[in-house]
Amino acid sequence: MDTLLSSLSNANFQWVLVGSLLLGFASGVIGSFVLLKKQSLISDAMAHAALPGVCIMFLIFEVKSIPILLIGAAITSFLATQAIQFIINKSRIKTDAAIGIIISVFFGFGIVLLTYIQQNSTGSQAGLDTFIFGQAASLVKSDVQLITGGAFLLVLISMLFFKEFKLTLFDPQFAKGIGLPVSFLNGLMLFLVVAIVVIGIQMVGVILIAALLITPPLAARYWTERLGVMAILAGIFGAISGVLGAVISTTIVGLPTGPVIVLSASFIFFISLLFGKKKGLVIRRVRQA
Amino acid sequence: MTYTLWIVITGCLVGLTCGVTGSLLVLRKMSMIADAISHTVLLGIVGAFFVTQSLNGVPMLIGAAIVGLLTAFFVETLHRSGVQSDAAIGVVFTSLFALGVVLIAFIGDQVHLDVQHALMGEIAFVPWNTLQIGGVSLGPVAVWMLGGVLFVNLLLIAIFYKEIKLSTFDPQYALLIGVPVVFIHYLLMIMVSLSTVASFDSVGAILVVAMLIVPGSTAYLLTDKFFTMLWMSGAIGILSALIGYGSAVYFNVSIAGSMASSTGILFILAFLFSPRHGLVFKRLRTT
Amino acid sequence: MHALHVSDLTVSYDKKPVLEDVSFSIPNGSITGIIGPNGAGKSTLIKSILRLIPSITGEVKVYGEPYAQQKKLIGYVPQRSEVDWDFPTNALDVVLMGRYRHIGIFKRAKKAEITWARECLQKVGMLGYAERQISQLSGGQQQRVFLARALAQDAMVYFMDEPFSGVDAATERAIIQLMKNWKQEGKTVIVVHHDLQTVEDYFDHVLLLNKQLVDFGETPKVFTLENLEKTYGGKIAFLQKTPSTEKEHHAHGHLAFESE
């Protein structure tokens, strides 16, 4: 308890709290789009594929500059989505296998690069392995500011284009018909996913960041069927998970942040699954009886 | 020399076991279930530790089989209740995996089991951890476990060969003519869990996923015969392990990561140059 | 004796009813066409009779006995689009699948079974393709392989789901021939069909379906314009009147429905 109080008064930690809150909110909102596009596992592939990007940038520039590393993450993450599409379009391999191939090969290659860096890099071993599971405690102020600012921007974009996204997701043909730039909007949604994955990996890690996109919207679905409400609710669920994860993992030494955030989200999902107003199991039982 | 040999044998056994089993998953469009199970068995291992207070082979296998089945069961239940299947997979495996990682953080001090290990394995330590019976060393435990699981898997595939084939190709027809489709499904889930946990200690989750999905997909591009696909997938797994080990030693990098990357390289080669389904020859044929 | 007796069959997906209170009895040795618009529940009807769908209520009897006891008498040709034809196997192997019940669990196919499977391929004109990988067969050839598999089953009541869709004229004729042979052998055939023009030529009984049973009976009595309008919700259009007036009231030959 003492540690909690003392850390709460710590300025850096306050930043971490705000950052995790906004990050959670943004990923809940963006995750709602992902869920409706049925791309939950593609987002997992994008997350895993961020690792080699981080390592390659480190190898090229030999500095641990977060912005540069994250640009690398964005590039390989984007490449992963394209590679999945390419494999599906150009061969008889089906979607699920294509995603699995990209996840495991990109991540495996990332690990190769990571170990290469650890063996060969001069000076500090770069601490890149925090990218795997995320470590809120290791974030410095500029990192957190990047997360906070980035998440805020992504939420803003999501809100600005909300109507258009909704129509594009629901009925792309119709959206095209009334003159919406559907491919631009799809591109923008892809950008949002890449961006949220990239700014989130430091805190949550590449292995579990996708959970933050998948779980809160899924939980929200048990309470509402309207996309607008669902996105906001997912955002709130994400924000709660983010804050819980940051607080708990900072208080108990040795707990990585990502898994705790994800467990918090899973807990909210579980509650929703049982008691959700729309399709919750308990409600269904009651109605049936 | 024997040290290297044991590592190579372990890698090859992982490639063979996961390759053969995984090719079935690729055909059943369940690759991502494999991905999920390879993550969640971590929870089974931790659970086994909580029960037995040791990291012993057999309880670990049992724990993994249970959690593997649970994963498949949860995914299916969620899917049946109306959640789209990829989101169902996503939510189940991240939850169980996160739980496993958090539990490890609590017991981490007591045992040699950390998250890094779970992801990448410790194949370099495999030769030290030998099976001792009556003071005689019988070779690494990992090799015995992998060999045992390989034997069980091959036996199950041999027994249920035509049932597996039919329920994969046309599950409804299989149901109609009395094939126990659900039983076969969960049997495969057990096979995946066993393969995963036997490989886990030496090569970690990443390589298991790679070995389960990629060699099978590669073989799928190279052949149109069911049986050929099975053994070819195993062979590609072995080849990946060998190439991966060689390059890992050469570049002094993670063995597991390097083996996973090798599966990717072989896949790209088949993707481009497979005589019948490769990109290059398809191009040539159309022009 | 009725080959198939269905009473009060109700099916729903996720609480949404797809079939409501369907009851009918199909006489032995008949060829019945199940007709209805897209999404009418035709495939669902067949699958629920065959217990391939959970959550159904109602009763199905085959030759007077409950379905569960008569499973061996049932043959099934699914819609071709329901399986993945990239699956690595050859035509003979698919036909052999029709014998799995006879071969028994754990056991491998014996010589006799393989000979029998080859004969079935021969009957649908596909013997030359026995070793051919299924991904390399044309749509019509794939359908023939499915037919051969049903033949190999040696059943008494055959269900076929849209066997004519996407096949060539020769295959269509081969399927018709096969149905007629089955009928002659005293077997019963039930076919989901969507081409209204050929209904009267192919089927002696018709079952009109749109969520509910519209009508069932002998083709001349049931296949009327009035019934079709009920089934298709008035979307029937005459493209061209038949010159022969005697058949006019049967809506023969030149019907089309507009929903596609």
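Here the chain labels run A, B and C in written order, and each chain numbers its own residues starting at 1.
By our rule, a residue touches a chain if its C-beta (ideal position, glycine included) is under 8 Å from a C-beta of that chain, and two chains touch if they have at least 3 such contacts.
None of these values were measured; they are calculated from a predicted model.
*Asks:* Return the chains shared as contacts by subunit A and subunit C, ordered by label.
*Replies:* B
*Asks:* Between A-B and B-C, which chain pair shares more contacting C-beta pairs?
*Replies:* A-B
*Asks:* Taking each chain's centre as the mean position of its Cα atoms, how many Å separate subunit A from subunit C?
*Replies:* 48
*Asks:* Can you check how far apart subunit A and subunit B are, centre to centre, with Cα atoms defining each centre and the answer in Å?
*Replies:* Averaging C-alpha atoms per chain gives centres 26 Å apart.
*Asks:* Let me have the rounded angstrom distance from the C-alpha centre of subunit B over to the C-alpha centre of subunit C, please.
*Replies:* Chain centroid spacing, subunit B to subunit C, equals 41 Å.
*Asks:* Specify, in ascending order, the residues of subunit B that touch 2 or more different other chains.
*Replies:* 29, 82, 220 - these are the residues of subunit B that touch more than one other chain.
*Asks:* Which positions in subunit C are in touch with at least two other chains?
*Replies:* Each of 135 in subunit C touches at least two other chains.
*Asks:* Hey, what residues on subunit A touch two or more of the other chains?
*Replies:* In subunit A, residues 92 touch at least two other chains, as defined above.
*Asks:* Report the residues of subunit C in contact with subunit B in the complex, numbered from low to high.
*Replies:* 14, 47, 50-52, 71, 74, 76, 78, 82-84, 87-90, 93-94, 97-98, 100-101, 103, 105-106, 108-109, 133, 135-136, 149, 153
*Asks:* If we count contacts the way the header does, which residues on subunit B are in touch with subunit A in the complex?
*Replies:* 26, 29-32, 34-35, 81-84, 86-87, 89-91, 94-95, 97-99, 101-102, 105, 108, 115-116, 119-120, 206-207, 209-210, 212-214, 216-217, 220-221, 248, 251-254, 256-261, 263-264, 267, 271, 277, 279
*Asks:* Which positions of subunit A touch subunit B when the two form their complex?
*Replies:* 35, 38-41, 44, 87, 90-94, 96-101, 103-105, 107-116, 119-120, 129, 132-133, 207-208, 210-211, 214-215, 218, 254-256, 258-260, 262-263, 266, 269, 279, 281
*Asks:* Over in the complex, which subunit B residues touch subunit C? Could you list them?
*Replies:* Result: residues 27, 29, 82, 159-163, 165-166, 168-170, 172-173, 175-179, 220, 223-226, 228-229 of subunit B touch subunit C.
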